[in-house]
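In what follows, chain A forms one complex with chain B and a second complex with chain C.
For the complex of A and B:
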C-alpha cells in the first residue's frame, strides 16, 4: 500500500494503482475520455491531467501512484489547460452530432464542453428524438441542427421545435452539417431563416446560412 | 597468410586465446609482451606500431571516408590517389580515416612522410591529386591548408599554419572527437595504439560501484538532450534486481542539422563501443543494442564491423578477458521517425511497438521488455570511454560548475565554416558562431541563433554572449538539445522560421497525445495565416497560450518542447509578428503574400527579360523604356526578381 494526498486529503491505495484509482478512492472526480478501465490507459486525450506538487501536469489514468505524492485535481492551471484541451478536441472533431448515434445527451464530450463552457455543439446532440421521431422528419422547421447546445434540449424534449434562443453554432462544419440535414429532410430554408431572425436578428450568420444552403443545394454536393 | 597484427599472438609463449583469455591482453598488444621477456617479440610489436603510424614505407596518404566526405567526392579522390600511387610506382600506404568535422573543407587528404611535417590539403579535386603528391613529396608544402602538429617547433620555415594556429581549431577542445579524422575507423589496431581500450582494461579490475563513483566524480551529464547525470541513471539501474539488464546506445539522431553522433560513430566507432561495454559492466547489463537510423548505412556498417572485430578478439562476448563479465551487442536499424529517438519510443520500437509511453516507470527501473535498461547517447558513451582512458582531471578542467567537460556542436545555416566543433561547455554562443564557424559569409549580420534542434529556441543576436550550458540556454528560451546550432541571418523572416520548425515537429508528432497532434496543427495554421497576411492580433495571445498548454500537457519531450521556436520568436521578435499582422508586411521580405514586386523606373533599362520570365505575362513596357508589373495580377513567383540583370525589380 502507498499513501498519497489528493487535494490534501490522505488516501491509501495498492502499490500498482494509478493516480486515477487514488482520486476515485479519495472521493474526487476527474473527467476522462479515452480511458477504459482495464482496457485502455494510454492517456491519449489528456483531459484527465492533474497537477503534481512540483507543478508537473500528468495524466492521472496512467501515472502510477507513489508514496507521498501530492496531487491537485482542479488547480487553476489544471482547469485552464483542461478547458484548452477540450477546445482543441472540439476544434478537430468533425462535428456531425445531427446524425450521431450518441444523441440524447449521452455524449461525454458534450458533457465536458458544457462543464467548461466550450461551445460549438448543436442542440441535436442533446435531443432525444431519433429517426422517424425527429421533428424535421415530420416536416417541422426545428433549428436544432444549427443552434448551440447547452439547454438540455428542453423544447424538443416536449416535442416542440427549437427556435434558436441560444444563438447560432458558429463552427463552419457544424453549420454545414446542419444545412445538409435541412436539405435531407426537405425543410424550407426561408422558414428556417424566418424563425432564426426572432433571436438572431441581424446576425450575419443568417445570411451565411442562406448562402450555404444555396451553395450546397445547387452545387450538387448533397 | 594474413598479415600479423597487434591483436595476434607474438609467439608460442603467448597463451592468450578468446576462450582462455589473458587479463593483460589489452596492454600487452602495445606494451607487450608482458608475460615473457623476448626482445624479438618486443621489436615485432614496436615495428608494427611504427608501421601503423607512418606506413610501411614511411609515406602515408590518408583519405577521409565518411558520409559527409563521400558526398563531397571523397570516393573519387580516393580512387585518384590509388591510381596515382599505382601508376607512379610510389611506395606509400593509402588508408582511410574518419571526418574531422570541418565540412566546408571536404574532401581533404592528409599526407605524411618521414622527415616532413604531416600536411592537410583541402577541397581536393581528383584531378589535383598528382600535383599535390608531387609537390608534397618534393618538400614544397606551400599549397597545404595546414600542418598537423609541430612537436619540436621546427616547421616554421614551411610558412604553412599549424592546425592549432587556426582559430577554428585552437578554440576547440578535441576530447571525444580526438580520434575523428585521425584514426582509421575500420582498424582496431589504430584504436588500440591510441590509448584505446585502456578504459576497459582499467574497469575490469574495479567494482561496478567504483566505476559509477568514477563517472560521478567526472560530473558527466547525458549528451542526448536532457543532460541527465549519467552516474545517476547507472546507479538506479545498477541497484535493480533483475535476471537481465539492457544497455542501449541511442544512435538515432533525428534532428535535422545535427550530425555529431554520426560523425563520432563513423569516425571512431571503437570508442563508442568501449564506452558502452564500460557502462554495461557498471550496471550489470548482459545485452546491448545500438539503435541506428537505417538512413545512415555507413554508420550502421562501421558500428557492426567494429562490434564483430571486437568480439573476434574476445573483448565482447562471454567472460570478457576472464573477468567473469559477459556482454554482447546487437546493432538494430531504426525506422527513422524523429520520435524514435525518444527513449521510451526507442524501447517500443525495439519491442516492435510504436510511440512513447508514460514515465515513470523510467527505463532504468522498467525499460526494454520491462527489464532495467540504460539508454545513453553516442556522445555520452564515447565520453565515458575517453574519461576512463585519460582520467577525470582531463575532463573536469573544462566546462562549468554544473556541467563539466566538452560537447560537440554542429553549426549550420548562414556561416562560412559549416562543421562540427567540440568546445568546452559554457563557451559563449558568439565565439561558437564567429570564431569557430566564421560567422555569416559576405558580411551579413546574424539575426538569431536557433539552438537545440527542431524544438530549440531562437536566441537573438544581442544575447549571443549567452554561454552554451543547459541552464543559461534554458533561461534564454532555448535548449541544449543534441547540439544543433542553426545560424539565421538578417535575410530570414522569424515568423517563417518558426513556421518551418513547427511544420517539422507537426509532421513528426507520433499522434498519440491530443495536445501535440492537434495543438501543433492549430499552431501551424495560425502561423500560416499570419505569414499569408490573414492574422489578427488575438493570434499572438492564442499562440502563446496554446504553446503553454502543449508544453504542459503532452506526454513526451517532443510535444513538451515543440512550441519552443514559436515561444522564443514571440518573445524576442514580437515586432515582426506585429508587422505581419498590422501592416501586412514581412520586414525581411520573405513571406510571398506580403511582398510587392515593383520595378524601379530609374534602374530599369527595358531589356524585356522579365517579360519572358513572368509566367503570367503581366509585365508590360516598351523596349528600351521602363517596364512595370501589374500588382493585382502578380502571383509573386519572384521570377522577374531573379532574372533582372539590372537589379531593377525590387521587393517592397
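For the complex of A and C:
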C-alpha cells in the first residue's frame, strides 16, 4: 500500500495503482475521454491532467501512485491547461454531430466544452432527434447544425426548430459541416440565412453561411 | 387653485408616469409612457409566416404565450388552416394557465401591497412572510404547469403554425393535474384575500368595454368581438370600430372604440360573460355588483384565477387518453388574418397580410394597455376630482391614483412598438 494526498486529503491505494485510482478512492473527480478502465490508459487525450507538488502536470490515468505524493486535481493551472486541451481536441475533431451516435446528451466532449466554455459544438449534438425524425428531414429549416450548443437543445427536444438564439457555432469547419447538412437535406439556404438574421443580426457569419453554401454547392464538393 | 401631481408609478410593468394637473376648475390627467419604441410590427415584415409567432412572443416576457397564440391564430386564419378540436382546446388551456400565473403575480406582488399598507415586496416579506411564501408557491406551481404544456415558461416551443409538435403522455397530464390541485388551494386563499378587500370607491364615468366573444363558456378562442353597446363584429373588421391615435406626450398609442374611450380586461370579460362562470358560492354575484368601479378589476382577476385553474384541470382531465399528432401541413398562399385573444390584461389583436411566398407584408398589433390607456386617464381624472373636492392631501391623491393604475395592471413595454412615424412607408 502507498499513502498519498489528493487535494490535501490522505488516501491509501495498492502499490500498482494510478493517480486516477487514488483520486477516485479519495472521492474526487477528473474528466477523462480516452481512458477506459483496464483497457486503455495511453493518455492520448490528456484532459485528465493533474498538478504534482513540484508544479508538474501529469496525466492521472497513467501516472503511478507513489508514497507521499501531493496531487491537486483542479488548481488554477490544471484548469487553464485542461481548457486549452479541450480547445485543441475540438479544433482537430471532425464535427459531424448531426449524424453522430453520441448525440442526444451522450457526447462527453460536449459536456467538457460546456464546462470550460469552449465553443464549437453545434446544437445537433444535444438534440435527441435522429434520422427520419430530424426536423431537416421534414423540410423544416432548423438552425441546429450551425448554432452553438449549450442550451440542452430545448427547442428541438420539443420538436420545434432551433432558431439560433445562442449564436453561430463559429469555427468555419463547423459551419461548413452544418451547411453540408443543409445541402444534403435540400434545405433552402435563404430560409436558413433569413432565420439566422433574427438573433445574429448583422453578424458577418450570416453572410459566411451564404458564401460557404455557394462554394460547397457549386464547387460540387458535397 | 392649482395643483400638480406628476409621479412615476411603481409596481407596474415598465416605466409609466401619471400626471395630474388642476388648473382653475379643470383637472387634466396624462398617462405618459417613456419606454423606448420597439418596432416589433416592423420586425415581422419580410419574415416568413412561421417565424412570426417566435418573434412576437418576445414582445412580452409576462404574457408571451398570449402573444404567441394570438399571432399563431392570425397566421392560421390568413392561411386558412383548419385545426382539430383538441388542438384548440389545448391552446386554450395553455392560455388559461398563463392568465392564472400572471394574475397571481399581479395580485400578490403588485396590487396587494397597497391594501396591506406596505410599499413593496421586501416590506411585504417582513410584514407578512406567509403571504409571500404562498405567492412564490402559487407562481411556481402555475409555471410548472405552463412549462409542461409550452415546453418552457416563456416563449412556447411546443407549437408550430398548424398544431402541436408532440403529444403529451397521460402520466404527464396527471402530473399537471396534481400540480394544479395544489395551486387551486393557494388560489382559493388568495381570492379570499382579494375578494375581502375594501376597495376605494369610484364610479366609472365611461363604462364602455370591448372583449373577445368566447364561442363557449369563458376565455375560449373565437373570431368575434363584443362591445358594451351591444354590437358584435368579426375580429377581421376591428379597424372599422377601433381607431388608434398617437399622442404628443407619450410613446404609447391610444385607442378609441367607435370614438369613445373604453377599457378591456378581466372587468370587461366578467361584465360581458360573467354569468357563464360557475358561481363559486355566490361570489360572482357579489363581484358583479361592484364592476362599475374600475378598482374592481382586482376582484374580477381573483374570480378568473379560480376559474382558470379549475377549468384547466377539468379540461386536462377530459384529454387524458388523447395524444396529438404532428402539426398540419400548411399550404402557403396569399392571405390576410386577424387573431384576437384575451391576454391577461385584456383584448389583444394581431393582424398580418401574407403574400404568395408566405412572407409577411404588413402587420398591426394592438395590445391591451394601448386600448385602455385613455380609460386610465379618464378614471384618474374622476378620481382626483373627487379627492380634490374632499380636500385630500397631495400624498393621498398620488397613492390612490397609483392604486387605480395598478388595478388596470398596465404593461408599458408591450404597448410601445406601435408608433408609426411620419414618412413611414407603411400605410
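Note that the second predicted complex is superposed on the first by the 222 of 222 C-alpha atoms of A that agree within 3 Å, B and C clash if a C-alpha of one lies under 4 Å from a C-alpha of the other, contacts with A are read in each partner's own complex, and residues count from 1 in each chain.
Convention: a residue touches a chain if its C-beta (ideal position, glycine included) is under 8 Å from a C-beta of that chain, and two chains touch if they have at least 3 such contacts.
Bear in mind that the values here come from a model prediction, so they are computed numbers and not experimental data.
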Based on the superposed arrangement around chain A, label chain B with chain C as either clash or fit. fit
Counting only touches as set out at the top, which of chain B and chain C does A:59 meet: first, second, both, neither? first
For A:158, is the partner it touches chain B (first), chain C (second), both, or none of the two (neither)? second
Scan A:191 for contacts with chain B and chain C and give back first, second, both or neither. second
In the overlaid three-chain picture, which partner chain does A:2 touch, first (chain B) or second (chain C), both, or neither? neither
Looking only at chain A, is it chain B or chain C that touches more of its residues? B
After the two structures are laid over each other on chain A, how near do the C-alpha atoms of chain B and chain C get, in Å? 38
Residues on chain A lying within both footprints (that of chain B and that of chain C): none
Using the touch definition up top, name the residues of chain B that touch chain A in the complex. 357-358, 360-361, 512-515, 518-519, 521-522, 545-546, 548-549, 552-555
Parts of chain A lying in touch with chain B, wherever the complex brings them together: 42-46, 49, 57-59, 62-64, 66, 77, 81, 84-85, 88-89, 91-92
In the complex with chain C, residue positions of chain A that touch it: 140, 154-155, 157-161, 163, 191, 194-195, 198
Contacting residues of chain C [partner chain A, same complex]: 47-48, 51, 54-55, 151-152, 157-160, 165-166, 326
